[in-house]
Each structure stands twice: as structure tokens, then as C-alpha cells.
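By letter and in written order, the chains are A, B and C; residue numbering begins at 1 in each of them.
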Amino acid sequence: MQSKMKESDPILEVQNLFASTDNLPILKGVSMTVYPGEIHAIMGRNGCGKSTLSKIIAGHPSYNITKGNIKFSGENINSLEPEDRAQSGIFLGFQYPIEIPGVSNLEFLRVSTNARRKYLNKEELDTFDFEELVKEKLELVKMDHAFLSRSVNQGFSGGEKKRNEILQMALLQPKIAILDETDSGLDIDALRIVASGIKKISNAQTGIILITHYQRLLDEIEPDYVHVMADGQIIKTGGSDLALELEEKGYEWTDNLIKET
Amino acid sequence: MEIIERIKTNKLIDNPTDIQKICLNKLQSNPLPNPKSELWRLSNKSKFSNFFEYSANEKNPNFDIPYHSNPKDIIRIVIGLDSQILLKKENYSIQQLNRDKLDKYIKQKISCFDQNEHWSDLLNLCLSSEKNILGLKIKGSKIPPIEIFSHALSNSLKAKTLVIFVEKDCDVKLLQVNLGKENSSLSQSTFFCLEENSSVNHGIVSYGERKSHLLNSLNVIQQKNSEYNLGSLHFKFNYARFEIRIKQSAGNAKTNIKGMQITKNNEQISTYTKINFNGPNGFLDQINKSIANDKSHAIFEGLIIVPKIAQKTDASQLSRNLLLSNFAQIDTKPQLEIIADDVKCKHGATISQLNEEELFYMRTRGITLTEASKLQLSSFFQEIISFIPISKDRWDLLDKLLNEN
Amino acid sequence: MGVSFVKVYRANCNKFILDNMVNENLVKDVVTEPYKYGFVTDIETEKIAKGLNEDIIKLISLKKEEPKYLLDFRLKAFKKWQKMKEPDWAQLGYKQIDYQDIIYYSAPKQKEKISSLDEVDPKLLETFDKLGIPLTEQKKLTNVAVDAVFDSVSIATTFREELAEHGVIFCSISEAVKNHSDLIEKYLGTVVPASDNYFAALNSAVFSDGSFVYIPKGVTCPMDLSSYFRINSGDSGQFERTLIIAEESSSVSYLEGCTAPMFDTNTLHAAVVELIALDDASIKYSTVQNWYAGDEEGVGGIFNFVTKRGKCLGKRSKISWSQVETGSAITWKYPSCLLLGEESVGEFYSVALTNNLQQADTGTKMIHIGPKTKSTIVSKGISAGNSINSYRGLVKMGSKATGARNYSQCDSMLIGDQASANTFPYIKSQQPNSEIEHEASTCRISEDQLFYLQSRGIEFEEAISMMVSGFCRDVFNQLPMEFAAEADKLLALKLEGSVG
């Protein structure tokens, strides 16, 4: 398709990936490659393995890679710790952001931002400079300053949690962002805010993977590629029209595709 | 166990006071607590006997207060060193109780002691020399914060006793610091009496050094409409035992307790609490946290007693525990004994390790596992530490803890 | 944690009320009923002399024509018992038991060998009829096989042939000793050793009868099995012993019911139940205990000292205890699970109701030994009158129990201002990769709730029993159908006159 982008090296390569948890196979041979500037969407029914894929890329300790590789900027990261992945520029937007009672949001954001900055050989920010930076980024997601003094995600509404995720993405400036159902639980206004935030943060060097059930996020952010997942595999890849087709024909269509393959 | 021998043979002290005689008498037939009773069952026997390894001499009472800056707005007292205390200001007074009154009060207390339950207090009063018993009467308003130190120096066993009367309508912030130097044993007994409408923010920070031991007993009586808040922290003792007994003598009082104990290496630290509601409309909110690492053992036993007279009691007790190593052990036993029917009581207990999902979340944001664990631990601590008066402003306790854990 | 139970409970209550508006007449019927099982059957019984010594034990063993290993088992247990002390940690207040003043063997006189139910003394059949447990061919309960135990002996077991077709053995333990001696010798005393506690030792020495169940590999028992225990004599103790073995991939649901006549003396009941579940096997053991509780002044009633324990020996095995304890003057009972097999599961669901001067000290022990073992405890205590109702439980995570989980919830409800409710959970962990969560609360029936019900035209006592059964819903849901209805009625009956 858009071959112009492929002049540079890929950011992320997932190569024939098999993974399991508690000896239960979940991924059964997933391959995909993301180049700078590309937006990929992964769609599929609940339980097809799309969230698992995102967690494995981020390094969740509960999953074992049994076969295949994940490469980030050309390097195999199969056994890299999650924090090392994050520092080198992999960002996972959680479907259900975790509440951490007692840990202040501001402190959390500052420590993680500095961890990333340290990796990039940038100067670490003190509380004062960091507040300045956060203020600027808060604008992006239209969040109130008061969010910073609360505990991480605790007592946040669904929409607030998702905006907090995008705020983190803005602060960490990842090379690749995997956004797991960032659209779920959002009303239309919140969806627009989140989508415009994502668009502003990403640029020609960033890769984005959107994991979603529905078309509505893809109306806001048009993907270059759409992958349909079922039973731990990508069963079909196409352009943005594939999502529309899927929306129209429903997931039963993909069920039939599995039977065919 | 030299001391126990001396108790048995009645050769403990050369010139015993009346109080010492009474306690000695009580202890003679049964000099040790019943190891089978619930209160002592889990106590490590060899560690407990280590408590008595040191001699109870009186020499060299000087000691260095761990931090010297003494802002003017804090009153500092070291039990055993400050002989005469009388502070009279325009709106308040802190006054040492006269000896007769103090003796009378203590004797009356002893007369209602249950041998097993109050064993630590009996031992304390048996060993405490006259100058190590401090009695204070506090009244008035706008009282500056008070710090009271008890300490045991290396190679010694010390007993310190503190009796405090908080007069009507009085509001006090008081931090008690118990320090155990290397190879030492400290017995601390504290008796608090809160008059009507008084309010006390009480902090206890107890920390030891290598091979230090502590028996810390706290007895509180609350009159009507009083409020008693306790924030406590015990750590770094080879063996420490913290006993809390609180009685709301006529109900209608408020008690808030937030306590924490941290054990490492092969330490054993335990907390026993007994809250007795002796009248209606009492309120209790209690949380006790334990963190056990390495081969250590943390114990919590909490008992809430709500007799028939204590209608409309609202009590909650929570025991939260973090078990951080495969070789550590945590025992917890939150208990309720209720006879009144119109009450709201609940208790809960959890034992777990650090939350893995929370850790993973932080790690995906580039925070290292060690740092993420620290953040989680610090939030676990924060709730307790912020409740300890005075300390939080001037002590970098939190940092100290985090860097050591 | 820290969830306010009271709120949740209110929500449940209201839901329950709506669900059960229809059933209100049912509840009403029962509130006015007295203890209807208090009659005595006039039947000639064979009793041995009072007292306990080696000769008595030998006599019991002789009467039951037991093999030598069993006599040795009894005598060894007796020796241990003699060295043991009656436990006092539960701080139950009761009159000293004179163990020499008890008859240890009492059996209704009947023909030597009974080949069919027709030969059973009609008086006995009539007794069980009156208790709602008809045994005869024409009347017997469908889909439940019953082993009826009268004083010290098993009278009859229904549906034996049908069960035999599936390879299921269901008979009295005396019969099992004769016909399945290998199984008895292999398993008896392996879950509850004679030395376990004072009452278990006593039972091991003098046990008279009880039920034996064996479910072979791969078999799902085609019907519920049930034992019904009836104490008839006032001066004899009851010491039954139950042993259930579920082989690999088998499952069984077992029910137990008990009643006794009203005597003004206290009768001792010291039973032992042992369950063994192998790989993938599951045993569900339900009890409705309604021994005579004594009168309002606390005179008479059964002293119920029972040791029940299950061993989840196999991987993924499951043992589930559910109990409704309403009777007995004193209940001392902690059905427990030893979770040895990887991923094995233990459950305990309990309702204990005490009224008048009853004392109940009951709970469970969940001992997690194997990795990924799970346990759930739900206990509901209701105390009324001058009674004392305590939950006492132990949850222990051993050092090898990685990934183990426990959740406990213990709620108490107090009715009247003379009753007491205690909660004593002992929690112990030696494994950081395990989780224990315990929640407990105490509440009473709120005036708001009562008013709400009354304003809808529901009578006071009815409203109370509705709310009580709403309070117990979580546990009742675990009981087999027939039991659940009975349990509901039982609670209403027990609470009669306790409020007002």
C-alpha cells in the first residue's frame, strides 16, 4: 500500500509469535510489522487475543512467549523487563487502567517521565519544571490540574482514566503506542478529546496500534492497516475499508473466515 | 533469665519501693507469662528469654538524642533524666504529679491487673525505679507539642513508666519515642487518662538496633466525649511486643488507631490490642499494618469487646499485611466479642504481597521494579506515618524506612 | 476490603423480600410450631452397662463381630484418650461430663439378620416416618438414598441395589467393616487420627455405627446420599463415624440430618466424619443439625462435639461443607479441609443459629498445603435470646502453597440485647505468593428495614424471619434443594418468641 513509508526501518516487528499463560496457548502465530508514522488497528471479538498481544509486547510477566520474536527498533526484546521496554519507547494504554491507592498521580507521572528522559539522555526534571511540563500536556487532554494531587486513577471515572493514559503517553513520547480499547467506556465528547490527543502526540516517527471493537474510534483516527484477529491469529489484513466491511458484516463474517482457513 | 531468678528469690532490688514490692509479690509465684495463653502463644520463646539477658543497672544514664535540633515550640522530656518538670504558662500547665498521688494511682491500677494480661506492666513496675516513673498532669489550651523519650543503652535492661493525666477540655499532641540501642532491653509501660472532652494525638515511634528488645505496654482510659488518636510504628527490634489496652469507660468516645510494624532478618514484632467499650455510642477506627521480610515474623491480634451496655457502638478493625519473602511469616487474628445488638462492627484482614498488576502498570511507564515496589510500600506506609504527630514534620522517617527496606 | 457489609446486606435483603413475598405463608406456618421431633419411641432396646473401660470397648467390638485390627484401633485410641484432657479453649460453659455415666452401646432389639425392610420393627419405621424420613419401599423419598441410624445402629439403607449398579457402596460402617474391610483398614483414621483431639479419640474408641460411602473411579453418584441420625435413649451417647471415599473423577452429594427427643438430661454426641477426595473428585457434604437444644432455661439438650475433616488428596479435588446448625445445647464443630492436591478446592458455608441458652462455637480450618489451592468461607451466625454464637476459624498458607487463595466472610446478626456474637479468625501465612482476605461484620435487623416490611403489611415475626433468611441466602444457595427449604423453616421455627 503506502510503500513510501517503508524506506525507513520498522519500529516494531512481531514475528510468528506464540504465547501462553498457565500453559494455556493464547497467541498462535501472530506476525505484524509497524513502520514509523503508521497507524494500525487490530479488531476482533472478546477473547481473540488482542489484549494479550498488547500485554506481551509491553512485557507482562504472566505470559510466556513459547515461539517467535518481538523486535523493537531491530532488537529482540523477548526477555526485556517491562520498565526497560517503556523507557526505550514502548507505551501501552491500558484497557482498564490500574488504581494505585496512596500513590500520588503527580509523583507517578514525574518518576516515569524522568525514567524515560534518563534513557534518552535528557536532563531529569525537578518538581517545579515538571509541573510546567504537565500543565502544558494537561491541555491536550483537557484535564484539570486537580487530577494531579489525587492517587493514581483512584476514584477516576472511566473517561478520566483514559485521559490520564493519554496524558502519560504525551509525557513519555513513545516511539510506539499500543492503545488497548482506549475508546471503550467513553462518551462521544470524551472520545473526541482522546482521539485529538492521540493525533497531536503522534508524528511521522511514531507508530500507533489501536486495539478496538468498534469503528467509531477509527472514524476519528484513520488507520493505514486493519488487522482482524480471531483465536490467537491475524486472519485478515487490509486497509481502513476492512474495518467498515467488518462493521457492516459483523464478526460472524470473521467466524466464517476462520472456518475457511 | 537472671532477673526471673532474682524475682523468684526475692532479691531483685536492694531497696524496693512499695510498688516494686507489690509487683514482686504478684510475680513471685508465676514469674513468667503463661506461654500457652493466646497472648503469648506465638511469642518466640528464645527471643523472649533474650530480653532478660542484660542486667538492670542504673549507671551511665546519659544518652544522645538522635536529633539535636530542639525547636522552641516543642517540649522535650527524657524519662529518667529530667527530674523536675513544671511548666506554667498563661494558658496551660504541664506539671509533674506528686509522688503520693502517683503511687496511689499506680497501686490502684495494679490491684485490677490480671496476672497474665498485664504481665508486661507488672514486670515494668517491678523494675522501674522511682526516678524512671514519670507522672504528668496536663491542662489548659494551646499546648505546644510534647516529645517524651525512653531508651535503653547497650548491654542494659531498662524499665520506664509514664503516667499522663489529660485534664478536661485539653488538646495535646504527644510523641513518644522508644529507642533500643544494640544489645539492650527496654520495658515501657504507659498509662493515659483522658478526662471528658479532652483530645490526644499520640504518636509512638519505637526503633531499635541490632539485638534490641522491647516490651511496650500502653493503657488508655477514655472518659466521655474524649478523642484518642494513636499512630504507632515499631521496627528494627530483634524482639518487640506492643500491647494496647483501651477502655472507653463510659462510651461516647472516639478512638482512632493506625499502627504499623516492620520486620526484617529474623526479627519478631507483635502487636496485641484490646479495645473495651464500656458505654454506648463508642467509636473505633483501627488499622494495623505489618510488613514481613526475610525470615521475620509479624503478629497482630486485635480484640474488640462490646458488652451489652455499649449500644450503638461503631467499630471497625482492619489488619493489612504484606508478606515479602518466602521465609517470613505473618499471623493475624482480628477478633470481635459482641453482646449488644444495636451495633455496627466489622473487621477484616488481608495477607498478600505487593500488587502485581499495580507493579506492572508502573513498570510499563518505565519505573523500575525496585522503584515501583518502593512507591507501593511508601503508599502503604504513608497512611500510618502521616498519622503520627510531630514526627512527620521533622523526621524523615519515611525516607529512613524506605532506604532501609 | 472495608466494604460496608451492612449496605450490601440491605440490598440483598430487599431483593430477597421481593423474591419471597409469595412464600410468606410458608414461613407463617412454621413460626408457631414447637420442637416437633421431641417424642420418644417406646421400643425395647439392648443396652450395655454404663461406663467406659477396656472391657466395654472389647464388648462393643465383640457385639459388632469386628476384626482384630479394628479392636486394636479402638484400644489404642482409648489409651490415648485416657491421657488427654477435655479441651477448654472454646470457653464453653457447661456441666462437667461424667464419662462413666454414659451408655456406650444401645440398639433397638430386633432379629439377628434382617434381609429386607419388611423385617424391621414397624415402630422404628414409624419413627422415621414421623421424622419425615419414610424408609419403606412404597413411601421412600425419590432420588435420595437414606441410611437411618437409630441410637447406636444403622436400621436401614434405601436404594442399595440401584446404587450398587453404579458400583457405589452406601451402607452402615459396621457392614462395611464386614464386607469392605480392605477399604476400612486403608482409610479409617487417616484424615482424623485418633490422637487428633479429645472427642475424636473418644469416638475412635467407642464408635457404634455410621455411614460408609465409596464412589468408584469416574462415577457421578446418581442420587443424593443421606444419613439420618436419631438419638432415642436419654442415657446413651451417640458416637457415629462416617467415612466417604471419592475415587478419581467421581462425585457425590451427601446430606446429614439429626434429631433427638426432649430429655432434661444432657446427651453426649461425639461424631467423626472423614472425607477423602482423589484426583478430580468432588464431595459435597451438607448438614442440617437440629438436635434437641434444651428448654428455655437451658435444661437438657445435646452436647454436640463433632470432628469433621476432609482431605483433598488429589489434584483438582474439591470438598465442600455446608451446614445449618440450629440445635444442640452446645455445638463444638469445625468441618475442615486439608488441601494437599494441586489446585484443590475447599469450601465452607455455614449458618449457625442460637437461641435461649444455646452455645455454638463453630467454624472451619482451611489448611493450604498444595500449590494453587483455593478456599472459600462464608459463615453466618445469628444469636438470639441469651445465647453465645462464635465463629472460630483457621486459614493457613503453608510454605509450598504458591498461588493459593482464600476468601472468608463471617457475618453475625444479633437479635435482642442479651445475645452475644464472637468472631475469632486465626490467619497464618508462610507463603508470600498467596492471598488471604477476611471480612467480618456484625449487624442487627434495622428498624428501617422492619418498618419497610411492616408498612407493606408483613407481620413483625414474619418480617424478622424473612430478614434472617435473607441474611443466610448465600449459604442456603449452597444447600441441596430439599434442605434449603427445610433450613428456612427451621430458622423461622427456632426464632419463635425471641423478638418482641
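The rule is simple: a residue touches a chain if its C-beta (ideal position, glycine included) is under 8 Å from a C-beta of that chain, and two chains touch if they have at least 3 such contacts.
Source: prediction; values computed, not measured.
Common neighbours of chain A and chain C, listed by label, are B.
Note on interfaces A-B and B-C: more C-beta pairs are in contact across B-C. Look at the CA centroids: the one farthest from the centroid of chain A belongs to C. Measuring from the averaged C-alpha position of chain A to that of chain C gives a distance of 54 Å. Centroids built from CA atoms put chain B at 50 Å from chain A. With centres taken as mean Cα positions, chain C sits 43 Å from chain B. Interface residues of chain B, counted against chain A in their complex, comprise 355-358, 360-369, 371-372, 375-376, 378-380, 382-383.
Residues 58-62, 81-83, 85-87, 90-92, 94, 97-98, 100-103, 107-108, 111-112, 115-116, 119, 151, 168, 172 of chain A touch chain B in their complex. Note for the complex: chain B touches chain C at residues 308, 311, 316, 318, 320-321, 323-353. Residues 1-2, 4-6, 397, 399, 412, 414-444 of chain C touch chain B in their complex.
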